[in-house]
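Letters A, B, C, D and E mark the chains in the order given here, with residues in each chain numbered from 1 onward.
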Amino acid sequence: MRGYLARKTLVYGLTFVVAVTLNWLIPRLMPGDPVQRMVARAAVQHPETIASMTDYYERTFGLDLPIWQQYLNYWAALFRGDLGTSVWLFPAPVSEVVLDAVPYTLGIMIPAILLSFVVGNTVGAMAARSRWLDNVALPVGYLVTAMPYMWLAILLAWGFGVALGWFPVAGGYDFGLVPQWSWSFAADLLQHWFLPFLSLFLVSLGGWAIGMRNLIIYELESDYANYLAALGAPKRLIRQYAFRNAQLPQITGLALQLGTILGGALVTEIVFAYPGLGKLVLSAIQNQDFFLLQGTLLFVVIGVLVANFVIDIVYVLVDPRTRTGLTGGTA
Amino acid sequence: MALAVNDLKVWYRTRRGDVKALDGVTFEVADGEIMGIAGESGCGKTTLGKALIRLDTRMKHVGGTVVLDDDELPIGDDNAMRRHRYREVSLIPQYAMSAMNPTRKIGRMIRDLLGAHNVRYNDVLPELERRLKLVGLEPDVLGRYPIELSGGMKQRVVLVLSTLLDPSLLIGDEVTSALDVSSQKAVARALVEFRDHGFVKSMIVITHDISVLFQVADTILVMYAGHLAEKAPAKTIISDPLHPYTKMLIGALPKVGDRYEEQQLEGIEGRPPSLLEPPAGCRFRDRCPLAHDRCAEAPPFREVAEGHHVACWAVS
Amino acid sequence: GCSGGGGSAPTPAANPYASAEGMDAATELVGEYPREETLFTSGTQWGPPSSWNPIPGAGHATGARGLLYEPLFQFDPITLELTPWLAEGGEWTGDDTYELTLREGLTWQDGETLDAEDVVFTAELGKVDAVPYSNIWTWLDKVEATGDTTVEFTFSDPRYQEWDNWLYSTMVLPEHLMSDWSDEDLLANPNEEPVGSGAFKFSAVGQDRMVWERNDDWWAKSELGLEMPMKYIVDVVNTSNEVALGLMLSGSLDLSNNFLPGVNTLVDSGQVSTYYEGEPYMLAAASANLIPNQTRAPMDDVDFRQALARSIDVDKIVANAYGGLVSKAHPSGLVPAFEQYYDQDVAAEHGFTFDADEAASILADAGYEDTDGDGFVETPDGEQIDLKLIVPAGWTDWMEAARVIAEDASAAGIKVTADFPDAGAVDDARATGDFDLLINGNAGISNTPWTYYNYAFYQPIQEQMLAGNFGRYEDKEAWELVQDLSRTETGTPEFDSTLSEVQEKFMTDLPAIPLWYNGAWAQYNESQWTNWPKEGREDAYFPVMWNNYVQMGGLNALLALEPAG
Amino acid sequence: MLTLDQLDKVYKTGTFGTSDLHAVRQVSLDVQRGEVVSLIGESGSGKSTIGKLVLHLLSSTGGTITFDGQDVTKLGFRARRDYYRKVQGVFQDPFSSFNPIYKVDRTFETLRRSYFPRVSSGEWRERLDDALAAVTLEPDDILGKFPHQLSGGQLQRLLIARALLLDIELLVADEIISMLDASTRIDVLNLLGELKGRGLGILFVTHDLSLGNYVSDRVVILYKGRVVERGDTGAVFDDPLHPYTRDLLASVPHLDRTWEEVEAQEAERTRRLAGRCLYHEDIAAQGRSLGDEARSVDGVPNGLGLVEHAPGHFVGCFRMAAEDECPAGPAVKP
Amino acid sequence: MTATQPTAGPGVEASEQPGVAGATPGGPVAGRKPGGDARETLYFALRNPKVIIGLVVVLGFLLLGLIGPAFLRYAPMDYAGPPMAPPSADFPFGTTTFGQDVFAQFVAGLRSTFLVGLLGGGVAAVIGMTIGFVAGYRGGLIDELLNMLTNVVLVIPGFVVLIIINAYLGVRSVPMQALYIGIFSWPWVARAVRAQTLSLRTRDFIDLAKLSGVGVGTILRREVAPNMYSYLFMTFVLLFGGSILTAASLDFIGLGPTNAMSLGLMMNQAVQWSALHLGLWWWFVPPGLGITLIVGSLYIMNVGLDEVFNPKLREM
């Protein structure tokens, strides 16, 4: 287990470094110059004014130092939790902007991932035992999985929001409300949350169901299942075992999927104008706010890394095979 | 009489037709008897073992009966069979290495399995531990995962687990094949011991290694291409086989003293017939040096001496 | 939830940004903005508000200029009148002195008096380079408070047009709060506890909204008898057209100040209303110009520019891309508010209109011919012409328009393709001159036509062009004319004649090709608030709350609203 | 002809090869022309690893392999091809030795393309027929078929025929009969015997002692990657010296004696030896002390060699000192 | 990159589980019936309704995209008819706010969609397979490094990176987009291929090929890869669908090709021009439905293929 975790940690550490470095490179590689943006925004024309403003913003964004120092400073600032200053939302600190958006994204992602995982796996397991259900669930599952995230979101917004008017189609909570601890506010929050959540939930659902169905079929064919059956174990017990074992690859799959789901969440947020990271990323790009983009991406990467790490720990807990030190030799 | 199999036919469904893997076999296994089954690969040994406990989805029961302790086993009916499994017929599978759920502790799995048979784990725990000791395992294996055990250990755990409810009949399929000689010996001996202790009444041991059978079995049944060829006490099969196939099979086995330079053994020419459309009559006909016209008709499996059955026209 | 909640004014927490999002600070606030006392508006704010510092020209919460801080004068783009606001009045007491009188009883929201010192402080801030209006000090000599309410400005080079502009576009700042700001603060201090003098105070802020609360101690209540009808303004951050439209249709939004595609059909069906009942529905806010980069061939050739201008069927853009929501631009480039300044004779003689045949003949006369038979003309030197028209990705109406322009130009034999880089890339290209053609609408409505021509002819050509003349048109004479215009007082005959000369220069040289007018996008949902500005109404003000437009009618439009029912 | 000297193989396992698995330790042996040498040991004792080292499918971590005086551990791609003209291998699983998606002929085609690009089709066919005849296969029964259409015995013989096409001098046969049926096994064994008669040297890897005994001239007993005993087949089988060898022999299921009978005989031998360690005794008799040689790696002494207890009959030991307990265990468990 | 992984069969995920590498249950290699059964495969493929349905739908759309433009009166961008017209005989899918023919756009969009699928899937397949082959076959340090690379790319949220690359390079053409997508969707392929290669590498026929003096490249090409064709094909099908979905997402958020029509772009424009609120459902329903049907059919076809290649599933 130690070896397993050590290896994972190494991968995560490496990914982190790569991600941070890539991140740091973004504003330096992207076309357009943040300083220029700030100056241009002021729409001044005076040469001296331009020069002094340019100077000022260069200092503010730390772009006046030698490149290696910028890189080191970046790391140092990172550990202080300082992600720089937003260009678009100047002078708001990026970390604050990002932190404000994070709860919304997590708020739709975590329930959607967990619920779709649980429900999907359950449906898949059921499909694996019933031919009827299989014939229905499988094609439906595939079609749902094949839907572009935003299209499902658009349809939901159109159907439940525009046509039926049951749910609002924009914002995190009603514009007439002030955030507070109250039932009416919570209900409103929930109402705004529901459609983005639902679209993400639905799209992820099919994949899990199908994966589970296939895995269970494999598991039911496995030796231990046959042995249990030969010893007169009821189908229930065998299914229970198969389900449990089939969940392991599903959990790994979950780790693999995180990035993708996140992409979906971003797009979904955009459709529903939900004030999460997705909208932030898009705005950052549209406004060439590299520092915000940088910060958001970093946050996202760290989020995915942490989630992956958690999944790996969970994995160690549920799969004894990881604990025996049988980390794969190459043979 | 513990087990009586009468004209049992079990076939595999395939796209190209039925594979007649078990095509009318009749034999008995007495109380306390360890019967070994030997034969070339693909002759139906495993099929026979499975037929007695659980047909898989591709197998179909075409005919014949199996009577265990005066009860007919409903082998074609999976649900009805469930009642008989484990308590009456039990199995040590060919794949003992992977027979246990990799993600459950062994004790937990036994508890679940016993629970499914309405037996309280704690009631049998002392007996379980006693038997584990008997096969040289510490009771703490119950708290371990299968992957933490070596092959021989797993094989022995499966042996204990499979016989925990003292079944009348235990079927062991290639129980020792994957093991090193020393583990092989230990497991084989444990089998005999279990019979001696009365944990199981009778046993069918399937292996292609006849020398192991010679060590553990009371009687040996030789199969050929879905048919029975010969059944006799182990010593007799080794020293006085009657069926030409058995003779050639035994003759092809080098003993530890044999050397190529001194005495060249001979194999059996040819291959067994396809079981998809097996030829009528004696299935060994094509490879048999004694074959004659009569062999176009299937020879009956006759008792030619006390406890010695042979299916060959050439044997009187 | 507790509604109503009059009384205790919320004290903004140290970091208002956190306070609105963090639930704890919010307990002090009202739970819900009562619908009948709240105006919901959108289309002005494109990102989470993050600054309330009115000094930089942009980047602060919209409303910081106008609602929170106030200028000396207001300007009405419909009547073209400058009305005293914080100022009681002002006049030129000499050729180069201007005397300004403040009203009595002006107060800051924290109770301090707003007096002449604040105005002097504001003007002198311009001496700091980084302050956007620092250029006034190239022609302003000195500022002096001559009394509590009087200020005297002395000019080295009086530029009347530009001065008027300064008077209504500069916010008077509180000296007692900002005098200790460092030069850097002037640009970068988010001013999170803003204290202005205006009708509204900072109330709350969120990712997706800015909330203003009525300043019940507003000086204008007693001084001018003005009463804001709404207690709150919730300015919803604009995320996209379709979101805004959705909110608008559901009645959650009273005023939307952005382009809502297809809104013409909704006006026709009575779901929303606009300034005009029919086409063009909106007032014009600025002209959208096709900017040819005149440092590159063949855009440096005026004949080519003339031909290009004539090849574009603007009516098609107006009808199809905009659904009639805009109107075609006058060849002078001036918005219809300046209709009185249009020199129709010049326009008749030099102005261009869509005429593909004429475009072709101009091209042919100037030596542009399709020598290689690819359907597109080459330069007289035989060089291939392959121009790229850039428009920011995501600016859907302009993208569609650009496609039409490219199509039309190509049909006339000028090979143009539309390309949609990021907004930032377009900005960079524009600033550095690394483009062939682009569309720009930076010069909006103002107090004077001078603004537009200043934008079109601006000199000198610098490495980076940020305020105008993006096409880098070089002509000394033209620039002199524009400067003369600036130095001339409105209403004088010299002003009109100079303006005519400038217009002629503009139409003959075409430094920029005016195409259509970007609308002063404003659509109203009248279910909560009525008496919106409409054509023909007496008190119809320019209904736009954009940054720098509040003092150009937005505030008055608000004041005129009445609760429905 | 083939000589292994102090051969070592360490597998790197774990992330970036952080942990070692010492699979073969200090193995020395030799194979002469016309001789079958059996490598015998339990699973994991390193038999296959040695086979693969000889075939240059693995690179060794120490020691030398010489073939006719030439060190073959460091051959380049080209030199290796020449080496393979003389040395070939056949492996345990006949079914996995053929690519299941191709007809069996392809194995020969590959060989031809590599080694006999200039041989005409007709001549090739002739050679092929000869080789097949040598392994008693009918070309018509075999060629043009897929591997799953043939029996394991046929496939194994095909592989031997493939080796024969090259006119080889040494064959490494790794458990070539363990997957075969009793009835076909003996044919393959007999074939080996016949090849030996033709002057081929064979390194025969097996865990089955009765088979090892049947064809081989000399045997090498491996335990945990080390040679514990080595000598003429007869000598080793009749008079096993090392406790591990004796344990192995006692565990073999015989066809003519029961385990009880074998054990009785073994117990007799144990009594006779009375816990003596021949290796240490011999070392002491030579007047040597183990000293530095007894350095241990993973609890297994590495430097310990073998002593020649009887002419041509070598024995090794796992104990550093005669009093230690033998890691291979007592010959027969009490 | 979207939603493909969970359907990639258990072989994929299981491969990273320590201790079970190579022992994946019924992975394509293990589950595949050995031996030149191309005909049998075809037999099952042509009788598998899932394969047939999937293939028919995909090919139907492909055909429409290929030959459709020839029969259209309007180019996708032409202001062809009255604005906002609902579906009619003239305009089967209605018109946009500008009066463009939605059907013409749809047909043009299909082309980009297939191009993106083909190119993006192709690039990802090539990279993934190359890395998987090399890592699996070479082993050792190279494997560790490539594995590390794979894991790093896997963990980095590809979509976000894609957004950035797209914004950064600003080259907005369909092939470029496909290229970027391909560059970020290979890791799971590499993993899966590596696992398969690992298990194939230990097969004796690889050693035998080496003994025949065959070089590494040839072995990979002629011995390893052909054994995985079925698997590689299925992988490609999944990548194809995934690329289409990813491209649609990119197009939708405005990072699509600037001078071409695509289904994602249609949705983007529909939404931007308020089709939802103006009730122009015919503008945004067809492109999404088209993508869903194409990708869904690909997925269903993939299940069908899985069943064809994998007898165990066929039983279900």
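In this text, a contact is a pair of C-beta atoms (placed from the backbone, for glycine too) under 8 Å apart; a residue touches a chain by one contact, two chains touch by 3 or more.
Note that the coordinates shown come from a computational prediction; the quantities given were computed from them, not determined experimentally.
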What chain lies farthest away from subunit B once each centre is taken as the mean of the Cα atoms? C
By Cα centroid distance, the chain farthest from subunit D is C
Of the pairs A-C and A-B, which shows more C-beta pairs in contact? A-C
Mind checking the centre-to-centre distance between subunit B and subunit D? Centres are C-alpha means, answer in whole Å. 32
Centroid distance [mean C-alpha coordinates] between subunit E and subunit C, Å: 47
CA centroid of subunit A to CA centroid of subunit D, Å: 55
Contacts with two or more other chains occur in subunit D at residues 15
Subunit C: which residues touch two or more other chains? 240, 246, 393-394, 421-422, 425
Give the residues of subunit B that touch two or more other chains, as numbers and ranges in rising order. 147
Hey, which residues of subunit C end up touching subunit E in the complex? 240-242, 245-246, 249, 260-262, 265-266, 316, 320-321, 323, 393-394, 396, 400, 403, 407, 417-422, 425
Subunit A-touching residues of subunit C, taken from the complex the two chains share: 1, 15, 17-18, 20-23, 26-27, 29-33, 35, 38, 40, 46-48, 50-51, 56-59, 129-132, 134-135, 184, 187-190, 204, 206-209, 234, 236, 239-240, 243, 246-247, 250, 252, 393-394, 421-425, 427-428, 431, 442, 458, 462, 464-468
Along subunit A, where are the residues that touch subunit B in the complex? 222-224, 226-234, 237, 241, 244-245, 248, 318-321, 323-324, 326
Residues of subunit E defined as touching subunit D within the complex: 32, 34-36, 140-141, 144, 203-205, 207-215, 223, 226-227
Quick one: which bits of subunit E touch subunit A in the complex? Just the residue numbers, please. 1-3, 5-7, 9-10, 13-14, 16-21, 25-26, 139-140, 143, 148, 151-152, 154-161, 163-164, 167-168, 170, 188, 198, 202, 241, 245-246, 248-249, 252-254, 264, 267, 271, 276-277, 281, 284-285, 287-288, 291-300, 303, 306, 312-313, 316
